[in-house]
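You will see two complexes here that share chain A, one where it goes with chain B and one where it goes with chain C.
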Partner chain A sequence: MKKIAAVAVKELRQIVRDPLSLLMLLGLPAFMLVLYGFALNFDVRHVALAVQDRDHTAASRDLVSAFVNSTYFDLAATPAPGADLERLLERGRARGVLVIPEDYGRRLAAGETAPVQLLLDGADANTATTVLGYAGALVAEANTEELRRTVVRATGRDLPSPIEYRPYVWFNPELSTTQFLVPGLMGVLLMLTAVLATALSVVREKERGTMEQLRVAPLRTAELILGKTLPYLVISLAAAVIILVAARLLFAVEVKGSYLALLAATLLYLVGALGLGILISTLADSQALAFQGGLLVSLLPAVLLSGFIFQIRTMPAALQLVTHAVPARYYLVILRGVILKGTGLGPYWDQMGALALFALATLALASLRLVRHEG
Partner chain B sequence: MYVLWRIVVKEFLQLEQDRRMIPVIFVAPVLQLVIFGFAVNTDVSHVPIVLVDQDRTAASRELVDRFTSSSYFELVGTEASVSAIDGWLVAGRAQAALVIEAGYGAGGADGRASRVQLVVDGSDAGPATVALGYGAAVVAAAGNDRLARSLRAAGGEAGVDPAAPPRAGRTELAPRVWYNPDLLSRWFYVPAVLAMILMIMTMLLSAMAVVREKEIGTMEQIMVTPIRSWQLIAGKLLPFAAIGLVQVFLVTGVAVFGFGVPLRGSFLLLLLLTQLFVLNTLGLGLLVSTVVRTQQQAMMTAAFTMMLPMVYLSGLIFPIENMPPAIQYVTYAIPLRYYADIIRGIFLRGSGLDVLWPQALTLAVMGLAILAVASLRFRKRLD
Partner chain C sequence: MAAAVELASLTKRFGAFTAVDRVSLVVEEGEVFGFLGANGAGKSTTIRMICGLLAPTAGTARVLGVDVARDPEEVKRRIGYMSQRFSLYEDLPVRQNLRFFGGVYGLRGRALAEREEWAIEMAGLRGKEDVLARLLAGGWKQRLALACAILHRPRVVFLDEPTSGVDPLSRRRFWSLIDSMSAEGVTVFVTTHYLEEAEHCHRLAMIHAGRLVALGTVAEMKSVFARQAVLEVRVPRVAEALDLLAGQPFVREVSAFGTRLHVTVDDEEEGRRRVLDLLERSGDVPAHAERIVPSLEDVFIHYVEAEEARGTPEAVRQ
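And now, the complex of A and B:
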């Protein structure tokens, strides 16, 4: 126990001597949260729309105003007939062009189907998909209005909207992205700081040759590992607290469930991450390599394969299998449950088990490699 | 020129000595690209929904068909009561619940409103937004059909000419999507990986190469040799520009032949404009190296204060239009923003220099400015 403490104190001193790195480890989480909070927004609004109204009737003007007044679209240009519409999209002046043909008003009045064209820049597929949905809804609404007007004209009585659609959003009623970002970001950042910090600290000792000194010291492998990782466990926990506080102050994200459940899951997750860091350090000889390797096994899967931003459901089957080896995947489910849904650990024993398994596996592999190095 | 060449050769030799670095430089990008290409798919489809049908009429079944026949929703279960959907959403087994209230089929004939609820798990806001929108569209379509039916029925009523039943005009939206007709999100993300890999490699390598010499102490040796500082800087940076160029070939090859992303513009133009971008990243890497003392600091500073903000605020992954106005102004200061426009333009839109010249010019000016500042700082530290 004393030996572990001695190694931990030594490590802490080294950390304190490099204030820039410490500041990064602690300040990064809040910084990333702000960055994500602003950059990641699924609320597509004010899409630049060009309108080419070749009809110039009351009906065509109604349709244009339905688009422009929806707040989804901003009128960016009104190209004359014969204008180069593709240029408009290519130069990014507009995301889409609504083209209303000459006979639109006449066809509508005659009770016929009146086509209008929507040209979309599909380079950003996500925005285009959302815009397509908006446009479809606006046109459906316009058709409902037209139907009702016709019914009134024919029969003299108005029909109420025939089906009432009531959307409810649970757990995150404002659909704010920061609400679901906070759990994901904790998963990513804790993995990143824990893996990188431990991997780099061990490799640095290797590079400077001080690892030999530690090896000849009367320390068991387990004591060395524990002593070296404990300080980083504490720092990572502090980073987690900073994220939660920043999320609360900046974006009003509150933890609805119990803090104890949160702590239990986070500790389990961190132990696995620290184990992974040590494992990398036994494989890498230079800090540059440890850093690149660390990024590759921690940041990349935690961002891409955990369901953080990109849903696992939509991945190919083979890749879905790979995601089972990504601890952030399980941690994220637990965190979203505890923070957003206010549940305890009850529904998430599977996920806790998977995290424990991951921690055991990395620690076992890391100690095996360390022991072999000694022998 | 000869001196410059010797430094370039020395850098390459050093790179070769660190053998494990070579797979990282060449295998990592391809691996990253493959994971990105497959994992990053934001096409929303098959949202798992659980059904509570309290109406149980032909009309309610027809509505369920409308939901499941679109590829956006997939029925994963049925429950008898509304209280049961809680368990489905909390455990994440379903992402939405469709509740058709009793009286839906009667269509108001029995005094009850036709009401449909869609309960969505909002904890992942992106798919939730899309699911709500599609849900609204499906219900609106069902409602319009119902209105049209009652209109036809009204045709038989007294006072209406049976030979000319009233018909309502219908606006039909004919969408045409350019550049990416199937709206594959992969086409959006895969070219983005090119920019990211290029930035990570050139910036990190250049930042660390200088700091490593400082750490090992060989910087003093170089300083006492009769090398001018511009030769030293150019000699140190050129190899990384070359590596970057090789990576463009590598990544473009995988993107085009592996993922079927079209390269509609000129590859030569892509290479040319990439060099302008690399000017920026190498300059930033050099700038970082003048600020820090150790390799670890160099990596962390480059990764977290330069690369991450650049990736998120450049529009490379997250559209700039959705950001708050103040942040939108910040994005103009980020070189990656212009390069993102360039790669999307060349890959997907087939744009040439006639469209992309403002971006190219901005990159050139920014790159030279950054490189000048970094070199000045670098020289000052040498003296």
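And now, the complex of A and C:
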């Protein structure tokens, strides 16, 4: 126990004497949160829309204002008939063009079907899909309205809508993606700093030869691992607090659930990350290699395979299988639950178990590798 | 009482390469034992096996009667080890280095404080307690590394090339520290490739290509030349003279030392006459030859050549 303290105190003194690294460990996560939080915004609003209204009737103006008033679309241009609509999209002046033909108003009034065309820039598939959804909904609404008017004209009686649709979004009523992204970012950033910090600190001892001095001392592997990881656990927890404070101040993301549950999940997650860091340090012989290796195994899976940005459900089956080995996948589910929904750990025992398993596996592998004699 | 170090057929192979080949030796308690050999001869590998840093392929190593393979932790508690690279935390000050290594060896409180003071005094680091280890000059760094290695009063201390890259004055000072440790009964096992340092050791082992080629006191080793004479020959064309003399049956050994040759012959007078005669006839003049006291270097070369003469046919047979 006291030997662990000796190692931990030494480690802390080294960290404190290197303010640049400390700043990186504590400041970088918050900085990246700001960067990602503002840049990674999947909300689709104010899409530039060009409207070619060849009809110029009250009916066509109604349709255009339905689009613009929805706030999903901004009127970017009104090309004259015969203008090159394709160029408009190519130059990026508009993401979509709504074309209303000449006899739109007349056909509607005559009870005929009136075609309306929407040209869409599909280069950004995500945005295009969302825009299609919006446009479809807007047109459907206009259709219903038109049908009602026809019925009223014909029968003199108003027709109630058969289905009244009343959506209510829970937990994130504004559907803002930052709410959703902050927990994910926390998972990514904590994994990144915890893995890199421990991996680099152990490899540094290897590079400088002090590891050999430690190995010849009567120090058990567990004592060495604990002594070296405890300081980084504390620092990573501090980084987590900084991330949460930044998220609250900048993105108004509040922790709705219990802080204790958050702490428990984060601790478990960090222990696994620190174990992973030590495991990497037993495989890499230079700080450069450890840095690259650490980046690869921490950042990539946490960003790509955790459900942070890409839905796991839509991945190919083989890749879905791989995601089971990514701790961020489980941590994210817990964080979203605790931070956004305000639940406790109750529904997440599976995830907690997976995190514990991951921590156990990395620590066991790391100690095995450390114990083994070289050569 | 058990010997401080006892090696029995200690062997280490890395794949097909045999780094240490069946080394057996005994070091008594309180001895300063020198382990000599060229770079790559297997000195560090041997020491690292004794300290439990490397598992032997075959054979055993015992320290104070404890088998390293059986109970490495017990061995680690009783020994001090200073590696070639003076493994210190360069980003920490002197005192923090001492405190850390003391803590790792289980020293604390008063005992730790006392040993810290002792170490600072011993290493001559008074007034430099708060200087970063990185900023210390070579000699100080070396003494701090030694202090860290012996803070816990080990009974056996292993020093791996402790004087490499240190100025001569610091080196001398370091050896007087070794002498005083030995006076207190500590066994010192030291590797070096500086042959002049070996004269400080009570006993020596010479290792070449992983094999022990000689073992004994300095005097015992030099006695291989007891019935022979070593002549130091000075001639203008050293390389030609070396070739010429190497082919002569009366010349036991010949080796070049810079601009001079060391020639071993059975009889001083006759040998001198025949050497000078040969050189004169070859036109390599003026030549001088005088008898010298053989150095450890002569001894080392003698054993290495003897070992290679023995080893070559074996290698050819393979």
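The working rule: the second predicted complex is superposed on the first by the 372 of 375 C-alpha atoms of A that agree within 3 Å, B and C clash if a C-alpha of one lies under 4 Å from a C-alpha of the other, contacts with A are read in each partner's own complex, and residues count from 1 in each chain.
Convention: a residue touches a chain if its C-beta (ideal position, glycine included) is under 8 Å from a C-beta of that chain, and two chains touch if they have at least 3 such contacts.
As the structure is a prediction and not an experimental result, all values here were calculated from the model.
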Subject >> Combined model on chain A: chain C and chain B, fit or clash >> reply: fit
**OP:** Between chain B and chain C, pick out the one touching the greater number of residues of chain A.
**Re:** B
Original post:
After superposition on the shared chain, which partner residues are touched by A:L300: those of chain B (first), chain C (second), both, or neither?
Top reply: first
**OP:** Name the contact category of A:R13: first (chain B only), second (chain C only), both, or neither.
**Re:** second
Original post:
When the two structures are overlaid on chain A, which partner does A:D84 contact: first (chain B), second (chain C), both, or neither?
Top reply: neither
**OP:** Check whether A:P218 is in contact with chain B, with chain C, with both or with neither, and answer first, second, both or neither.
**Re:** second
Original post:
Which partner does A:A5 reach: the first (chain B), the second (chain C), both, or neither?
Top reply: second
Original post:
First (chain B), second (chain C), both or neither: which does A:E146 touch?
Top reply: first
**OP:** In the superposition described above, what is the shortest C-alpha distance between chain B and chain C in Å? Please give a whole number.
**Re:** 13
Original post:
Can you list the residues of chain A that meet both chain B and chain C?
Top reply: 18
Original post:
Which residues of chain B touch chain A in the complex?
Top reply: 18, 20-21, 24, 28, 31-32, 35-36, 38-46, 48, 89-92, 104, 107-108, 113-130, 132-137, 139-144, 146-148, 150-151, 154-155, 157, 160, 166-181, 183-185, 187-188, 204, 208, 212, 292, 294-297, 299-301, 303-304, 308-309, 312-313, 318-319, 321-324, 327, 341, 344-345, 348-349, 351, 355
Subject >> chain A residues touching chain C - in the complex, by the definition given at the top >> reply: 2-3, 5-7, 9-10, 13-14, 17-18, 208-220, 373-375
Original post:
Any idea which chain A residues touch chain B in the complex?
Top reply: 18, 20-21, 24, 28, 31-32, 35-36, 38-48, 63, 86, 89-92, 104, 107-130, 132-137, 139-144, 146-151, 153-155, 159-177, 179-180, 200, 204, 284-289, 291-293, 295-296, 300, 304-305, 309-311, 313-316, 319, 333, 336-337, 340-341, 343, 347
Original post:
Taking the complex as given, what residues does chain C use to touch chain A?
Top reply: 12, 14, 51-55, 73, 76-77, 79, 81, 83-92, 96, 99-106, 108, 148-149
